[in-house]
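Lettered A, B, C and D in written order, each chain numbered from 1.
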Amino acid sequence: AVAATKPYVFGLLLVGPYNDKGYSQAHYEGGRYVEKTVPGTKMIYIDKVNPSDRPGVTIVQLVDDMVEKGARLVIANSDDMKDGIREAARKHPNIHFVHVSGDDVLTGKAPSNLVNIFGRMEYGKMMAGFAAALTTKTGKIGYLGPLINEETRRLASAAYLGARYAWEKVIKRNPNDLTFQVTWIGFWFNIPGVTADPSQVAKNFYDSGFDVVISGIDTTEAVMVAKQKVNEGKKVWAIPYDYVGACEGGSSVCLGVPYFNWGPGYASLVKKSMSGHWKPEWIWLGPDWKDINNPATSTVGFMVGDALSQEARKALKDFIAGLASGKVQLFKGPLNFQDGRVFLKKGEVATDRQIWYLPMLLQGMKGASSQAK
Amino acid sequence: MTIALRSIHKHYGDIRANDGIDLVLRPSTVHGILGENGAGKSTLMKILSGYVRKTSGTILVDSEEVDFKNPAEAASHGIGMLYQDPLDFPPLTVLENFMAGQRMKAWPDRSLFRKRLAGLCREMGFDLDPETPVVRLTVGERQQLELARHLAAGRRVLILDEPTTGISSLQKDVLFSALRRLSSGGATVVLVSHKLEDVETLCDEVTVLKKGRVSGSAVRPFSTGALLEMMFGREPAPPLRKGHEPGAQALFLEGVHAHGGRTGLAQCTVKVNRGEVVGLAGLEGSGQDVFLRVAAGLTRPTRGRVHVSRKDMTGRDHHAFKTMGVAFQPAARLEEGLIAGLSVAEHCAILERSSFSLDLDASASLAQERIQSFQVAARPESPVESLSGGNQQRLLLSFLPDDPVLLLLENPTRGLDRESVRWVWERLDAIASNGAAIVFSSSEIDEILMVSDRVLVFFEGRIIHDVRPEDTDALMLGKAIAGRV
Amino acid sequence: MMDGFDMLLVASAVIAGAAPLVMATLGETLTERAGVVNLSLDGTIVLSAMAAFVVASLSGSLLAGFAVSAAVGACVAALVALFSVRLGMSQVAVGFVLTLMTRDLAYFLGSQYARTEGPISGSAPVPVLSGMPVLGQVLFNHSVPVYLSMIMVAFAWWYLYRTSWGLRLRCVGENMEAAYARGIDPDLVRVVYTVAGGALVGLSGAAFSLCTKPGWGQPQGCEGSGWIALALVIFGAWHPVRAALGAYLFAFLQVMSIHFQSWFPDVPAQVFQVAPFPLMIFLLAVSTLVHSEEAKMLAERHPLLRILTRGLAQAPPLSLGKARSRD
Amino acid sequence: MRTVFARMGRPLEMGLKTALAGVAEIAASVLVVVAFTTLVLLVAGAPPLDTFAVLVKGSLGSWSKLSHVIKVWIPLTLASCGLLFTFKAGLWNIGVEGQVMMGAVATTLAMRMGGPSPLAGMVTALALVAGMAGGALWALCAGFLKTKAGVHEIFAGLGLNFVSQGLVLWLIFGPWKQPGIASMSGTETFDERLWIPSIEALNLSPAALGMAVAAVIVTAYLLSSTRLGLYLRAVGGNEKAAVLFGLKPHAVMTAAMLCAGGLAGLAGAFQVSGVYHRLIPAISSGYGYLALLVVLLAYYNVWAAPVVAFFFACLNTGAIQLPMLLSLDSSLSGVIQGSMVIAALAVHSVSTRSRRSRG
């Protein structure tokens, strides 16, 4: 019945190519999931929505176009669409908007028709760090960071906490033997002459004794370089990011990938919008602890890669169980910042806000914490 | 081998550089080609050496007809040419220049060529270091290099276009003896020149060109008068100069050295007074060009001082000189003098520094005045590149300031016919009489003798002679120019 | 913190990282030696990088990838030659337009292959030599294209200064008329070396997408290096070895910028990343200043300065950028 | 194409014959471009006709689209006008890209200092002026590198482009980062009062439009009928002779750079105050480089430049629809623009050659 009437059109603005095997493809497939599971919905999307790929194109302009094409809900999938989508939301008060990874609702800047949604990727990163620490032979883990902000600090720190847990609690090694180095390239992907070249950074990691690199950027250089090094006879591994399929092809070196699964989150929002239960909210969806890789329910997952050893897989299973049951609490005191200031007193558990707005990397991590003063 | 040219024509647009020339070149003779500037000598020789294609006519080599499409074909018939301005590769070394264009292996054995060059140099009495870059060579040495190269390539016909331009008397003697040896060895040597002296000393036969046609020929012994007759049609015009009495000092160069040009400028100390007309004689590029540019503040001296009206102007730029009443006009009209793409009127507009917004009508009428008073065949709106050479020259002269202190003119009458030359000098003379000093260079000895109060003879970047015209004559000057004082 | 810093590693990273830049620089040096400025480098590299990646991943053969990239580079260069040498259009204008166009063409045609699996040319240590103490790691422990780049430097020098073809090439670059008078066809030579140089530039594109920055995407990561190569040719005074040294210097600066980041955490990363570019320009400025009249005069007096000026002096091929007037 | 516009400059030569020749040239170049583009499309496996249709509909199909075309046209035209000055003086001001960015930076700086005061209008106006100044100063750097250090303006310009891009990023992620997270989204959005006033309904800013039109007229006036224009052409035509005519080529070149930088800076200022309402990493939108193409295609003619700019703006805007409707990459527009210029240049030089050979 519903399907017979005019379909409910929702638009998707993707920051990268829809097939980037990374962040944007995850969103694209989330949209497709909605089309499949919510009857009567139709997705229109436009990818590479970023000023360097689409010079002179503004979010507002694209939203206008989507509204002309009948969209009633518009999803913007990237942090950098923050201001544009807010402007568009003000311009189209009776269209619903979703900004992924933003915090306008928290900061109160958001108009009533704008919703923020994000996934608790720190869990995924913890698992990544965990797998890395169990695998590394040299005890040196490299983190390929994009630019420095709350989100990236949060995720890098989460990975570190996961690694440290595996190192100290699982294989009972001396914490001082674990090196966790964060190198920022300065952007989400390589801009020649402006950012550090991720390939160079990854190479440098592997050449100087780091044998596991966790990628925090949108592109897959880490896996590429790892494969190259393995061809050269080195024993090294990499952990990509964002997309469940990111390990494909790199299976020989891929320990696994922490990924987003937007399907369920989007579906619920679309349903709310269709049924008129829309309300401004700030949604931070975590994994479905019953089965973190359940496409129908879990927003954050960790897909194990072929290169991860059997015992490591086992340990990871227990670790995940621990996180699920809450027995394992990693954002829990005592935790200090890089500069020695106290982040969490002994026994204190961080609030969502504390985690979301992490002001500095944690003690024990190496690498810059903040850009300029 | 014998080469016969039959009714050769070469037309550039409406210029007839060669207009039906017949000529026979015999083996083991040195054949001279005489003619004034623009007679068509170089053009004819370039045709013979395959560098330019003739418009019509036939060339017979040993009574077999040939049509050279490019220099390579001429070379394959054993014909080689030394061009008026040396065609070589200045940044490359002597050896590389020697090798270039010769038959050689894919990766040649340099020592072999070095040996061959050394051998030829010994034979000809040249002295060339194979590893010095050619820029550092004198014109004479560059010529010797070219000659050696042609011999190494086994040429049997050698064409030399004004080889004595810019070389020392010593080098000249070396060259001539070498050429004699070659011709006695059975080669055909063609010597192009407009200097009687060279031809008389070296050649067995002479053909004279005039306005693209053969105006006569002769064999040893030559009568100078007859040759002059054939070249100019009449004896050079008598001097029309009225002497000026020198006034205050206008220009004073004090031990000036400077880079630039072919030879640069060395050890130059000269005073020029207002009202004086000073002619700079010398083979093209013997330092006159640098002299004029130093005096105009366009080239900075590396040593020495420059004074204008007793004011030390060393190191100041051209604009400072301009305000002191100095005006300079280059020989290369389109390259340095005029601005291609701009119309005559626009040139005038630049000159009158008035309002910010242009009044093109005003400058057009101004241009019209100049055009009329200097008899330039052009309209105010016609772009300068569309003017004929002579008219470009007239236009340039029309831009001279009204009451200058010092006029510096490089070949001011090049490309003008004799009548226009006369006419121009009457005007310049008037300017001099109003108390301006005029310093000009010219490749025409007659012109220099005709109009100067003083003659400075340049050789290899130095002033080797400073005389009043009445104390000298064409022959003496000619000698001096060739470095023989 | 200095850890993870090891001079040998840096050296070998420089050798490897500079490989594509070296190829492009040598290619453009050849072209400009013949008197033609091929300004289309930057786009050509991207296009050939794309072509190399696509072909290599479809055919599974690295060789095919490199071959195609060379062909692509040659084709673009052929356009430059056609327009500037044959039709006498402004070399700068043609080159610039082609730069932008070829880049977009690469993105357009290559879009569906973006971020897909592709072969990578892994390292192939030279049997015995790679065992050597220091040089082994720095020079003889790389992938084939890197060796190629090193060999090319020597070859280019030998070709330019020791073969008859090289001599002809330099002749045309210095004085087309004189070359013509010696029976060389300047236009032919110009076309040939523009195309040949273009092929080298194309190879550098493949070296990027199949070796130093494996993979294809938008951006690929090689964007901008074409412009650097052009600057390096001048910096290298049109001498293959000097130009190559410039390329290595640039690669060194880029590699170091990764370490600088951890040495000076307060300075934003972008600064180190951008630094090499203005530095190149600065060096250009110095070497042009050294060439100025004033500098020459100074050099006249001080022998020490003269040596310096000789070292840095640059003499562009005299016919560079000029079109030949035929009648 | 070129001859027609070239003749516009010299009406007295505007004969019917040359006009026809010009039209023929345009036709020929368009033909070449269409052929080439079709080929590219077929290679990419796309339906040519639909593609062209999408491009047209996507740019002129609706008012909102047209208004976006105009938003692209304004900065593009401003930058192109600037380039006319440098081209007349014989300079290849490839640094225009960086000049646009620095104009944007200066404007942002001014707006941050000014803030949303009651006289926001004043602040905005001043910010625009600051933008011009910023662009001009940046151009001055390239100018000095050229005149004082003898670095070719192409390389000076390129180096400075990289520097300015780095500077913009550093500002966004460093000193000017948003409260809370530094974001690729750029600096904090300005208060609405600081935006260039625009008519909401039409999504169009008469002020900005006026600015661009004024720029064209002023440029035309300066170049054709003032001493400045004459001097630029003189120096561009023959530097040596210009000296003899009492001009100072370096001074004239610097003036050209200043004009170019100023207008490019204004373009950047508009990007900030009229389009993005903040400083973003890719603030220049590549309009600097695109403007170079515009001027080449317009054959350095003031009146042709805005026309070509509009055409290019349409291509840019229309190309956005390609991925949505035909899942083609938008970079096609760049391909078309490039081949357009190449074709025009080629056809022109061929025709002039054949004309010359005919005598």
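The definition used in the following text is that a residue touches a chain if its C-beta (ideal position, glycine included) is under 8 Å from a C-beta of that chain, and two chains touch if they have at least 3 such contacts.
Quick caveat, the model's predicted, so the values are computed rather than measured.
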Checklist entry - Quick one: which chain's Cα centre is the longest way from chain B's? => result A
Checklist outcome for this item: A student comparing A-C to B-C should find more C-beta pairs in contact for A-C
Checklist entry - When the C-alpha atoms of chain A and chain C are each averaged to a single point, how far apart are the two points in Å? => result 38
Checklist entry - How many angstrom between the C-alpha centroids of chain C and chain B? => result 43
Checklist entry - So, what's the distance in Å between the C-alpha centres of chain D and chain A? => result 38
Checklist outcome for this item: Distance between the CA centroids of chain C and chain D (whole Å) is 29
Checklist entry - Can you list the residues of chain D that touch 2 or more other chains? => result 162, 165-166, 169-170, 173-174
Checklist entry - So which bits of chain A are touching at least two other chains? => result 48, 52-53, 186, 191, 193-194, 371-372
Item to check | Sequence positions of chain C contacting 2 or more other chains | outcome: 111, 218, 224, 268, 270, 273-274, 277
Next on the checklist: If I apply the definition of touch given earlier, which pairs of chains qualify?
Outcome noted: A-C, A-D, B-C, B-D, C-D
Item to check | chain D residues touching chain A - in the complex, by the definition given at the top | outcome: 62, 64-65, 68, 71-72, 75, 162, 165-166, 169-170, 173-175, 177, 180-186, 189, 203, 275-278, 280-287, 316, 320-321, 323-324, 330
Item to check | chain A residues touching chain D - in the complex, by the definition given at the top | outcome: 44-48, 50-58, 61-62, 64-65, 68-69, 78-84, 86-87, 103, 107, 147-151, 186-188, 191, 193-194, 357, 371-372
Item to check | chain C-touching residues of chain A, taken from the complex the two chains share | outcome: 17, 19-22, 48, 52-53, 179, 181, 183-186, 189-197, 199-201, 203-205, 207-210, 219-221, 224-225, 227-228, 231-232, 248-249, 366-369, 371-373
Next on the checklist: Help me check something: in the complex, which residues belonging to chain B touch chain C?
Outcome noted: 12, 49, 51-52, 70-72, 75, 81, 83, 87-92, 96, 99-101, 104-108, 259, 300, 302
Item to check | Residue numbers on chain C that touch chain D, as the complex places them | outcome: 39, 79, 83, 87-89, 92-94, 96-98, 100-105, 107-109, 111, 218, 224, 227, 230-231, 234, 268, 270-271, 273-274, 277-278, 280-281, 284-285, 288-289, 291-292
